[in-house]
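To keep things simple, chains are lettered A, B, C and D as they appear, and every chain counts its residues starting from 1.
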């Protein structure tokens, strides 16, 4: 095995140009796929942060006493998909309404009595923030005897959920397509490299080398190339990311969203894929080229 | 020239494997870049459609007579960046408010007189729908003697504009990076192909062929491969698009957004790029490989 | 159908035919080669000499007929076993078939590495055969930087380094002046003396004259007596 | 420094040296070749024969010295002009240098295509030279499917098809039996008779004997008298 490893290193040096091309191609492919993944991860973050704004207002019946409130709160809190429940007294609600109608609050100033009900604002777990789940939850809350009505931004949520779903679907589809394209490109490049070393392979077979002896250095080379290509690709992505991030810092000093790099787990995954693809390209090509030959 | 063309066709047949690899690589590269472009075009559409929702409410002073309205409307309409101006009478405004407060409209039922003002809803051209421009316009409208107050969703707009700008910036950056990566990948592949035909080139030179005689068929091949690769790549994209579009149709039967394929102009641009890159790859590689040789 | 029990024959060919598309390269070839024989195959250009050798080392399958090498029937050999069949042979190819990206040393060492030999042993043996063919000074050169004759000598070194049972030499002195050719002939003879089997395909009359052993004549794919 | 006014010389070499790294392949070579001369270059393996020819067709630049071809000084020739220099030569390479992806016909036709000749003419001439070397039946084959000698004959055909002024033949009969070799020798002689200049690098003693004209001996890169 050590011999094979040495032979692989030797080989990489002997075929400098071919190896450079392979590594560059792998790097670029990794860059493409990981850039896309990075984009979708961040876009997903932003969208998810919007989801946090989704809430259900549970308006209570007017005859509910203050003592019953903790129990109701607990009950709602216990429902599936609920993240947080906040009590909004009718005074608080009126304050908010006034704020909303700022400039025309004269309208409300005429009122002697506050006609608004007490309410609970129910915030949702982001995982449950799609139209169906929200609808279910709202129905469930409305069914509680102490709740008069449960409301949420039905139209807006429907629209947003559609966009979000489409976005996610497209994201998966694109990452999938790009990944496959990258695998093909890398495999193709390695095939070309091995094609141009066909004679060498044939000569090795003719002097009595076993398939294993021929293949092993190629495999090790493939793994090394995959690893180097992966590192270069991810490094390039990181540089590009830092450049964009600096720019974004200026654009969004508001700090509402925080763009972030790929997580260590994903990075490891990409590295593993890159290494695997380096090996796979060799595997397929060798299989093909060795099959062409007799004996 | 016809001779060269024939030689190029002949060459493509003689080097079937090498040509297949080149064409596949070009196709995949075109697919990647155009898929990304398609994604951003559609995402941009959706975001732009949200922009259409942005409007400025210009509340009129209470002492404005009905006869002055057309003049005010015209004046606003004439401002830069304004798409559409709609008059909202105070009765209409009350109706909307009641609708918003549905369930608690008892609150408003008590009112004898409508305290809301008349207003104009000013819709904006999408090109003018960023925070600064909207702000400017709002200030301008508020400065009109007949306008009491001009309001718009300042916070939401700021946030949205940030996201939109970031999105656009990322979009350009990614399309740029991917385009460059694709060009490199294709050039690299062609380099490998020409590398494996180095001996052939050297032999041609030795039997007295001029550089032009050697290069021209490669160039024509490059152009043809670029064209074929471009067509296949775009065709693949179209198929993928149709598959996704069918899926989306079901998701968003609401019909709020309509995803669309790349415009003919963009398609032509991609084809031209693809053809150009096919040629460029040959150009660079041949330059390099011919330089290595003496004489 | 046939069994290789003839203890004295290392190679047996029975009614061998080889066809490339419509082109008949070999027609009904029958001969045995004894252990420790020095055999020439001769005939004009295109007669089928190289093709005959190719069939022996299983570079191509036969179209018809049977070949036994050291008791193994080539038509029944599995893909996994071919490398071991090939290690019985040391082959000097007509076009040398050196690997252009490897040095002279590495080209020759390859045979021993494929056999799994130890590094020190490889070093020693390769240097010794390169000295025998007069190429030890060029061991770090690449094949393209060698003259035709030098490449041929490296090819010879590679063929003998693994101490095979049979040497197949296709025009082994074609690019060599008579002096260098003598070195190679002596090398082959020495190998033969030490018990090896040698098959040489050539049209070098001088070579035939110098050695004077059994000759198989081919013409247009047929064996002529 | 030197002018090519000697009307009778088509090739002149003045103090030519060629060095590859530390290796001196040619040392102080001086000779003239007259128009319509038939010249042999001989010497042992690695003497520098192929290198000498390579310098003539400008496959490599000289390290030192001057070469005049037909009055052109090679050290002053521009890159654009080299193809036209090379068309003065028909070259039979020691390793043939056929293009593996082109048929025999296309390999030979290439020379004429590069010169911009008409299709019908090409067809006619290529078929005629292939007939001369006995390869007209294989014109649609690819080089790998030819025997060594057949490839060499195609290489000869390619060298003569463009009716060059000078033929450089590097071991042109190395892979050929004596009969086929005679065909090639006759072809070269015919070319010489019709006014061409021929330079043959070889160590085939028989070939030297058969022709009997001026011989330049090389040894370890030096011209020996």
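Throughout what follows, contacts are C-beta pairs under 8 Å (C-beta built on N, C-alpha and C of every residue); 3 or more make two chains touch, one makes a residue touch a chain.
Treat the numbers as computed from the prediction; the structure is a model and nothing was measured.
Common partners of subunit A and subunit B, by the touch rule above, are absent. When C-beta pairs in contact are tallied for each pair of chains, A-B comes out on top. Distance from subunit C peaks, on a Cα-centroid basis, for B.
Here the CA centre of subunit B is 61 Å from the CA centre of subunit D. Centre to centre, using the average C-alpha position, subunit C and subunit D are separated by 30 Å.
Centre-to-centre, using mean CA coordinates, subunit B is 66 Å away from subunit C. Shown here, the protein chains touch around one cycle, each chain meeting exactly two partners.
Chain pairs that touch one another: A-B, A-C, B-D, C-D. By the touch rule above, subunit B contacts subunit A in their complex via residues 17-18, 21, 24-25, 28-29, 31-32, 35-36, 39, 43, 46, 59, 103-104, 106-107, 110-111, 115-117, 149, 151, 158-159, 162-163, 165-167, 169-170, 173-174, 177-178, 181, 184-185, 188-189, 191-193, 195-196, 240, 244, 247-248, 251-252, 254, 256-257, 259.
Remark: subunit D residues 20, 43-46, 49-51, 94-95, 145-150, 152-153, 170-171, 174-180, 203, 205 touch subunit C in the complex.
Interface of subunit A with subunit C (complex): residues 3, 7, 10, 14-15, 197, 199-200, 203-211, 213, 294-295.
The touching residues of subunit C, counted against subunit A in their complex, run 57-61, 77, 79-80, 82-84, 86-87, 89, 91, 93, 97-102, 106, 110-111, 113-115, 158, 162.
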